[in-house]
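There are two complexes below, and they share chain A, which is joined by chain B in the first and by chain C in the second.
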Partner chain A sequence: MKQKRKILWVEDEARHDMVQLIAPVIMDGGYDIVVAENASDGIAQLLQYKFEAIIVDIRIPPGDDPAWIDLYEKSGKEKVAARLGRHFLYTILGNPNAKINLGEKRPKWITSEMIGLLTVETDPELADDLKALVLNVYYQKGAETPETILLDIIKEINDQNM
Partner chain B sequence: MSCLDESWAQVYFQVAILILLFGVGIPSLILQTIVPEDLRRIIYRNWGLYRWGFILIIGFIFIAITFVWIIHPCSSKQIGSLTTTGLIIDQWFTKLGLNLDQSIAGVFITIAIVMTGIVWVLYWFYRGDAILNILKRKCIAQIKRKGVPDERIIKDIQYLGERGGTGRDKIRVLRVLESLAENVQSHEYYDGNKLGNIVEAIEFILRKEPDYLSFNSGLKRLKDIVERLKSLNFASSADTGSVLRALRRLGEIACTLEEVNLALGVLDTIKFVCEGSDEEYKDAGLAFFQIGAIALQKKSYLVAVKGLTQLETMTWPKQPLDAQSSVAYLGLIAHFWVRNGSARKKALSSLNGIEFKPSRLQCLYIAKEIHYEAARFDTADVLTKLIAGLP
Partner chain C sequence: MNEQLETKVFFESPDVFRTLFERSPNAILLADIHNPTEWLIVQCNEASWRMHGYDQKDEILRQPLTLLITKHQDLASIINDAHQKGTTTRDEIHRKRDGSEFQVQSVYTLVQLKGTEYMTIFVQDVTDMKRVKEAEEKFQAIFENSPDGIVIIVPSESMEETWPWLIEDCNKEFCEMNGYDRKELIGKDIRTVSYETSFDEGSQENTFEKLEKWPVKGDDVLRLQYYQKIKQGRIRKKEAHRRKDGTTFIIEASSRLVSLGGKEYVLGIDRDITKEEHLRRFLEDLQIDVGRTFHAFSSTLFQMRLALTPTIQALGPDPFRNGFAPTADETWQAVVGLWNNLVTSLKKLVDEMKSDSRRDLFPESDWSTLDNLLSLLTELDKIDKVEYRIPVLQRAARQIIDSIDKIQQQHAIRRDLLREVKFNAEQLERMACLIILKRVQDRIIEAHFLVRDIRQRVLTDSKTEEKTEICEFWRLVTDAQKGLAEYATYKGVTFKENNRSNGARVKVVRTHIVRALNNLLDNAIKYSWWRDANVRPWIDINCYLKEDRVYVEIEDYGVPIPQSEIDQGLIFQLGYRGRLSGQRDRPGTGIGLFDSRAMARRYGGDLVISSHPATPPIKPSDKLKVPHLKTATLYLPISKL
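The block that comes next holds the complex of A and B.
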């Protein structure tokens, strides 16, 4: 048996409506998937562990970190308006546009190539962000989303990094 | 009529007693009607919480005296001179040109206003969060003195959490418990073995009518406790053990209730607890095994496979696995195996990827004995079937 590759999925519905997407990843046997249900938890996981792929949703809640709560409230106080996932990406990639800066604590191993987006936002809505952050792996979720989408994204990220 | 004859003294006495009875009776009545039963129990058990009651009674004594003073016959005859006594209320009455009867009516109105105020004060004072804050302050004071939380206060806080409904109320109580844990852990006497009561309280609150929000919040509190344990170099300690056992029981409950999302959260938290702490391997393994086995029983296959995956992740660095390290893993594999079909296929694919020492068969026999000795007869039995059925 190979050592399992560590994957982080930042998605607040990961254990609810989207729980069926986890099954193919677990059944594959090659991955150890960790769920973060909000921005604070996502950052905490990234500061603690090294992951080989990070999959992020754009509409995520802030969690209990005051900085993220503050940003959430300033950005509209609801997931759709705040779109904290964008800020999350800017922060973890250390982009100059980041509103929350991790400074020296930012994990240097995080690169654009290991990040995938799985969100309801359409491509044109995110075009500027995708370009600014050099993100290539993007999928839109909806009613027709296949159950293997998460596994597919992980595999695409793996291929991108090979 | 003289100023202080017998009949007036009797009136004073009756009025004073009446007001005192109101003063004691009405707050008690309010307490009975507006304060929920669970909060009353905490109030009765904590003498300090009565202090507002005492303040109110003293207030009523004061009102009684003022009342008697105002209806005193001398004052009715000498309203003018009373304005020089300095009593503001007399000045108001005089300015308004009121006579004695009107003054008494005014006093009653005053009492009604005061009573309304008392109801308001009692209502705000005896709200759940106000009482929770008092208990928190008392407990923190003790922690600062002795380094350990007061067991009785923790029980009271737990009681509030268990009966506090769902959602916000429970989360508030859980936050208080975490704040107490943080105080204990930051105390100079902390030795990694002082949080048993707090962890137990969190567990019991989460077990009572679990809902996703508060359950998740509780898991976060336990995670924070372990995070601090790790940073204090107590990753392997009695308190970590308490957290792991609490998580195992919570996972079992989540599986029994067929709450997949709660069970998945517990599995992730257990993984976080045991990561980086080799000493917790056995407890964590047992937790994954038991949660996985119950999930299989309930046909929550996703939870069961997740439990197995966590066991695989844990065991991977220990390969080749010896008998002691493979007890939990083989136990869960055997439960998969006896289910035939797809579950058996999963068991075989997992089993074929692991190396054992001295041999897989020997590890299986030892695992069977260990499960038998721990009175996990169903697991010992499925291991017997696995041994017999393996190619």
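The block that comes next holds the complex of A and C.
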């Protein structure tokens, strides 16, 4: 039996408004998707397992890690304003702009090529971050977003790494 | 010795001097300086002892002069100076009998009396003069360094001749603001830079339109009215100004009449508010756009709701209670039987197709899809999150229906079995769609009330002056209830009130506390569960007094909040959503508790949340699986007024 590729989706609405996006991924049969609903859970997952693709939302809550709670509060105490997803990306990629540094614990297998963004933020709002983090896979959530967007992103990341 | 000297001075002084000496408002002292480091006061006038707070002359006579001077002067150098110049003047600090200090100016003069040298000291209290001087210096510093433009204008002397009003002086900021050098403005008519607008305080006249009309003529009447108005007191107004280069900008001007050197001037303080005005105008335009958008959005939500109701009805029997989207567990209970039926019938079909001797007649693609879907459906319960299973079931059922339609058209095999599989897939698809639509319907209702609330804040509350007033607390609670009555009715939730607040009053901005209570009630409605199959959910509202506070407890029966979330204060973080809040499929923003606590604290109160199991769990590990009684307690200090 073919080994399923492990995917991490960091999205707090995964079980709510975004739940429809998971079905195509599960039905594809080739992926084992894990959802983290906040930054703390996302980091915990990355420290425990190796993933082949990571899809991140920008507006995510901090979870229960005091460091993320602290950063969240300093960044405006609000999901929209704090945009913790950006900080999450800087942290997991070990970028010098990271406010939370994982040090030696940072999984070295994480690269920009395996990361995709799915968020409501517009391109101009994220232009600097996309450039700084060398991220190419970016999609915006909107009324016109297809139900298969999550699967499409995963496939695009796969293609990028082939 | 000293008594003799005192007598001599008096007898030898002319009458005129004596009169002057006695009536002078300034202190005049005579000191024996034969010991240059310790002078003795040998004579003084009434002003001397009064100025220093003594009751009679004798209290300072024959005392060292240092009794009256705080800072011990270098007396020898005073004698030297007096010898060289005849007199010497010093700024000094003197001390009163009670220890308080005051500023003086002392003039020291040497005199010879009967061949002996004495020192006369004329002391003037300069405290007031000093204050005036300091005030003048401060004014000058403010005038020169103020971030605001300051201009001093000579109003027209004659009421008939309304113009010109000449600039007497202006500060650096005024010059920079208007793009001129000071010398270019002094002596010029104020109309060089200023364009009259309405001078009514709080005028809503559009300054931007005035700017576009610049320059206009015939504002003499306005000037006259302005002069009459400024005589009554300070005027604040928005005014258009024009720089030397012709560009225009908007200022907020505060003007009043002042008297300088006995002459009347208009003192104007100008602040450039062009940016604020642009922002204000932008916000006003934005408010109109937001209003329009909200209106369109509300209409769309309403249409969607109207369309969804018959669609949900058309999907057949609804096993869920009206008003609430089903919980994850409820959805699974609703589909599990249908899922089993489909798996059983599909397995039968696939097995038959695999074993059919005519298998070669069927292209691989026609049945491999069904085979794959069977594998997926068989392992569906391995997907840990129940929420994810429903969309998978819906899509799988649809694919099975499409595949069977295709097979039915092309192959004549077991039509009864195909029909059975298709029927089961249709039933499952119907239920999955019903669940999805129920969630969407719930989301639309939530969005409808959210939009209505924000619309109210943006379009109405933002224009209402926030005024603190004394309100009856229970009235605020009932107002909050009224605001949510429609939502509660939709959800089928009722309120059970118990008011024991005895008309207690609180001092607050009414809308703030109504909003705080609104958030708590909204949460309680949103997360309520049915306590009994036959009784609609309800929320207890208890209002009572304790010491000098009034409390309201809002208690619902429903979603647990883990104690750790309460202890860590996570539930009060803006944007935080309870770990288990999603179990009820309630969309939430995570704003409510944060906002309510902030409002309560603003007025000296607080908000406390508690959550405990309503029924004992069978196993301790199931603690968060049983319904909880959640109590939000908001309190405020009682107003004594």
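Simple rule for what comes next: the second predicted complex is superposed on the first by the 161 of 162 C-alpha atoms of A that agree within 3 Å, B and C clash if a C-alpha of one lies under 4 Å from a C-alpha of the other, contacts with A are read in each partner's own complex, and residues count from 1 in each chain.
Quick note on the criterion: a residue touches a chain if its C-beta (ideal position, glycine included) is under 8 Å from a C-beta of that chain, and two chains touch if they have at least 3 such contacts.
This is a predicted model, so every value here is computed, not measured.
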* Should the superposition on chain A be reported as showing a clash between chain B and chain C, or a fit? -> clash
* To do: Based on the superposed arrangement, let me know which partner A:Ala82 touches: chain B (first), chain C (second), both, or neither?
  => second
* Answer with first, second, both or neither: which of chain B and chain C does A:Tyr72 touch in the superposed model? => second
* Asked: Touching A:Pro24, do we find chain B (first), chain C (second), both, or neither?
  -> second
* First (chain B), second (chain C), both or neither: which does A:Pro61 touch? -> second
* Considering only touches as defined above, state whether A:Arg15 meets chain B (first), chain C (second), both or neither. => both
* To do: Determine, under the contact definition given at the top, whether A:Asp32 touches first (chain B), second (chain C), both, or neither.
  => first
* Please name the chain, chain B or chain C, that touches the greater number of residues in chain A. => C
* Structure fact -> Residue overlap on chain A between the chain B interface and the chain C interface 15-16, 19, 22-23, 26-27, 29, 35, 64
* chain C residues touching chain A - in the complex, by the definition given at the top -> 372, 376, 383, 385, 387-388, 390-392, 394-396, 436, 443, 564, 568, 570, 573-577, 582, 585, 587, 590, 594
* Spell out the residues on chain B that touch chain A in their complex, using ranges where they run on. => 212, 216, 220, 260-261, 264-265, 268, 271, 275, 302, 305-306, 309-310, 312-313, 316-317, 319, 346, 349-350, 353-354
* **Residues of chain A defined as touching chain B within the complex** => 1-4, 15-16, 19, 22-23, 26-27, 29, 32, 34-35, 37, 41, 49, 64
* Going by the contact rule at the top, pick out the chain A residues touching chain C in the complex. => 12, 15-17, 19-20, 22-24, 26-27, 29, 35, 61-62, 64, 69, 72-73, 77-80, 82
